Amino acid sequence: MVENRPFAQFMAYLTLALGVVIVAFPVYLAIMASTFDTATIINGNMPLVPGDQAAENYSRTLFYGGMHARQPVGMMMLNSMVMAMGIAVGKILISILSAFAVVYFKFPFRKTAFWIIFITLMLPVEVRIYPTYKIVADLGLLDTYTGLILPLIASATGTLLFRQFFMTIPDELLEASKIDGAGAFRFFKDTLLPLSLTTVAALFVIQFIYGWNQYLWPLLITTKSSMQTIVIGIKMMITTTDALTEWNVAMTTAVLAMLPPVLVVIFMQRLFVKGLVETEK
Amino acid sequence: MEKRAHISGWTLPLLLILPQMAITVVFFYWPASQAIWQSFLREDAFGLASEFVGFENYVFLFEQPEYYRAMVTTVIFSTLVAFFSLACALLLATQADKNIRAGQAFKTLLIWPYAVAPAIAGVLWLFMFHPTLGTLSRPINALGINWNPMLNGNHAMTLLVLSATWKQISYNFLFFLAGLQSIPKSVIEAAAIDGAGPIRRFWTVIFPLLSPTTFFLLVVTIVYVFFETFGIIDAVTGGGPAGQTTTLVYKVYADGRLGGDLGGSAAQSVILMIIVIALTAVQFRYVERKVQY
Amino acid sequence: MAGVTLDTVRKIYAGNVEAVKGVSLGIEDGSFCVLVGPSGCGKSTLLRMIAGLETISGGEVKIGDRVVNQMEPADRDIAMVFQNYALYPHMSVYDNMAYGLKNRKTPKDEIDRRVKEAARILAIESFLARKPRQLSGGQRQRVAMGRAIVRKPQVFLFDEPLSNLDAKLRVQMRVEIKRLQRALGVTSIYVTHDQVEAMTLSDKLVVMSGGQIEQVGSPAEVYRRPETRFVATFIGSPPMNILPGTVEGPGRVSVGGQSIAVTDMREGLTPGSAIEVGLRPEDVQAGGAGASSLSMDIDFVEELGATQLFHGKVAGAEFIVQASTGQLPADTRNLTLAVDPGNVHLFDPQTTKRLGRV
């Protein structure tokens, strides 16, 4: 900066610190709530320092679940994990293959194919929920992992991201590979894939978060409690009448639900930022 | 953009693109066309027979005061969230852009809410502002406000705006920070030599240079409020009280699921699609300009 | 090893742009052939067609006695050094060199032997474990060469391999490439726009312009007897001076009223017709007064150290004379130039072709 006045510096620290506090406070409360019993929370005077019920809350939530969900949250987390991993891996797989085809080959209807993929940017799940639901139901995929994952793995973002990255790879690398006797498969495996690793990782981080946080779709197609994801599960815990809501369990679940994606963001920040910035063109 | 070098053959590329094509057609184009088709049909109560009714579903939709209310709710909700999340993010980004130590640490501490699911964000804020047990409800009641988002539509909307803004700040912050860091320092130094103070520099030099980022984030945030806040609404208010926080997307869900009115729901879906296409088109015009720039 | 034969090779791009307009050329086994020309003259396209990276629109390319038109690059038994080296960024130097051999199912110990040998020849043994990004430009250049030589191909193709290096390194690598090619004796085709590289490296020099061959010959032939005005001005630095003149009679032309004798002149040219007279800056003698001489007004002098360039005008046209430093006082304003009749080149103003003896 041009000037580095101490006052401006002080204000910067102050503003940022305030921002961090505001951003963190709701989560702090949730963590606190996960250390008390229901009664302490219900009476509206929850202390702002941790209580002594943490072990009890977490073990009960993970392995038994709440009164209403009746489903161990550990199980829900497993479902969420399967869905998030499935979406992330599936999306990477189909989009890297289709981007490879679109960028490195000339074939009939290539442009058309690209546009067909591209236009899906304009069709979020939310605008076509019931017809999609009907198809998944007709295919007998309700309450299955396939039904949770498959409709969400096709989207233009991944293909566009890989296409964009492939375009930055010099043409000469393909030419050198051709001269070195590598066919399409070898070029993909030996050159393109190793070079794409960062992009793959960045996309994985973003898609893992996207998958983990899905709400509407699992809400629609899962009816069995054994297929519930954690984000849906927590909603089930609090929609009953106030008096019966086990807030300690709900908040413990909330903390558990935030944990995997937040850890991913914090520990893979560089990949996360890269993925975020680059998937948005 | 086009590669100079290609691999020959066209059966392999067709095989490579097949999985994506299949999923796209089955889960995107087919349902979307179904939605369009259904929006012209009316089903009987048991879903056994349906007849073609033309634009009747649309006409009916626009005769419903609830639909206009959902529209107004959506507009208010998006405007508020867009304004607050952009303003807060810009303020934080300008501060983090100052060469302060711990800038990176602050960045980490500010971006993680992006990873929190909208529904979870809603639950966190509901807990904080719960009418009977919320930690912050008591101080508000002490101010003489009878705080109850379960019963008061304005309170419910406030709560939704707060949670949706909270979640979106991190995203906008990240992009604003990147935008600020890409402004050449020499431009700011030139402005300083031209006698502009820090605040004047911000409004006359930095803010105009950030306008592409701002515009981009505005569109993204609107799309976010339209669609992704579904989880927040469902978890916090369920569209209530008395439908006062029902947005367009939530209404599609509620009418189809709870009301069983598939034709009406489909007509709403089609209108939403048109809105998304319009927003995306606006965004592309911007991207195009950026490319030329 | 094998020679390369091109027979009326054409390249037509979409939109009927003809980049290479029917080139025929024979490159002898073991020779070093340089394709030189300004950018856009089709030299790179020609090279890439030989490599198999561009389809051939017409004509025939033979490597040895095999027609390779329809063959994949990998099957043509060639190796190529790219302008940007095209090293695989994620592979070590060793793997970069071994990759082509691995793809051809060469036994492991054979690969190892060949890579180590190439590394020894190129003095890159100590870098074998490094990634390309950890290398300097010159080192990358050597790895790119190494990748080519481990394969022991029939033909080496070089696409402006030195243009990404700084001037000093370029001279050094140029010498190394020449030495290496001599030692290995592999037929080499080398594309460049740099006429110094072209002159120093080639056994066979091919000057191209506008998708066609202007002249083929040894560097000395091309320099001594350029077939067209384009070749005359493209090869040689500073370029050949071209003066407007008229035919006086057999063996004599006049430039601005001054008569010059010419050895190599087409017979039967009409006296009084216009003709272009080419003189290399290094071929005219300052100060001498022989049978044919020209007078020159000097504008300024460029000092090059060993030599000086006198810029000025002869018969109203721009003219440069190169002289050893000290031969002429730097403040010379006028010169009389002695012209050796053997050093005068004549060109047809219309066709730009040489008007020498048939």
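Should a chain be cited, it is by its letter among A, B and C, assigned in written order, with residues numbered from 1 in that chain.
Methods note: a residue touches a chain if its C-beta (ideal position, glycine included) is under 8 Å from a C-beta of that chain, and two chains touch if they have at least 3 such contacts.
Just so we're clear, the structure is a prediction, and the values are computed from it rather than from any experiment.
Chemist: What's the overlap between the neighbours of chain A and those of chain B?
Modeler: Of all the chains present, none is in contact with both chain A and chain B.
Chemist: What chain lies farthest away from chain C once each centre is taken as the mean of the Cα atoms?
Modeler: Relative to chain C, the chain with the farthest C-alpha centre is B.
Chemist: Any idea how many Å lie between the Cα centroids of chain A and chain B?
Modeler: Taking the mean C-alpha position of each chain, the two centres sit 16 Å apart.
Chemist: Would you mind pulling out the distance in Å between where the CA atoms of chain B average out and where those of chain C do?
Modeler: Each chain reduced to its C-alpha mean, chain B and chain C end up 61 Å apart.
Chemist: In chain C, what residues contact two or more other chains?
Modeler: Residues 53 of chain C touch two or more partner chains.
Chemist: List, in ascending order, every residue of chain B touching at least 2 other chains.
Modeler: Within chain B, residues 5 contact more than one other chain.
Chemist: Give the residues of chain A touching no fewer than two other chains, as numbers and ranges.
Modeler: 172, 175, 178
Chemist: Which of the residues in chain C come into contact with chain A in the complex?
Modeler: 51-53, 72-74, 78-80, 82-91, 99-100, 103-104, 147
Chemist: Of all residues in chain A, which touch chain C in the complex?
Modeler: 170, 172-173, 175-176, 178-182, 186, 190-191, 194-195
Chemist: Residue numbers of chain B touching chain A in their complex, please.
Modeler: Answer in residue numbers: 1, 3-7, 9-10, 12-14, 16-17, 19-21, 23-32, 34-35, 38, 88, 91-92, 95-100, 102, 106, 108-121, 123-128, 132-135, 137-138, 166, 169-171, 174-175, 178, 185, 188-189, 192, 198, 201, 216, 220, 226-227, 230-231, 234-235, 238, 249, 252-253, 256-257, 262, 265-266, 269, 272-273, 276-277, 280, 287.
Chemist: Touching residues of chain A toward chain B in the complex: what are they?
Modeler: Listed in rising order, the residues of chain A that touch chain B are 1-4, 8-9, 11-13, 15-16, 19-20, 22-27, 29-30, 33, 41-44, 46, 48, 93-95, 97-98, 100-108, 110, 113, 116-117, 120-124, 126-132, 134-136, 150-151, 153-154, 159, 167, 171-172, 174-175, 178, 183-184, 187, 209, 212-216, 219-220, 231-232, 234-235, 238-239, 242, 247, 250-251, 254, 257-258, 261-262, 264-266, 269, 272-273, 276-277, 280-281.
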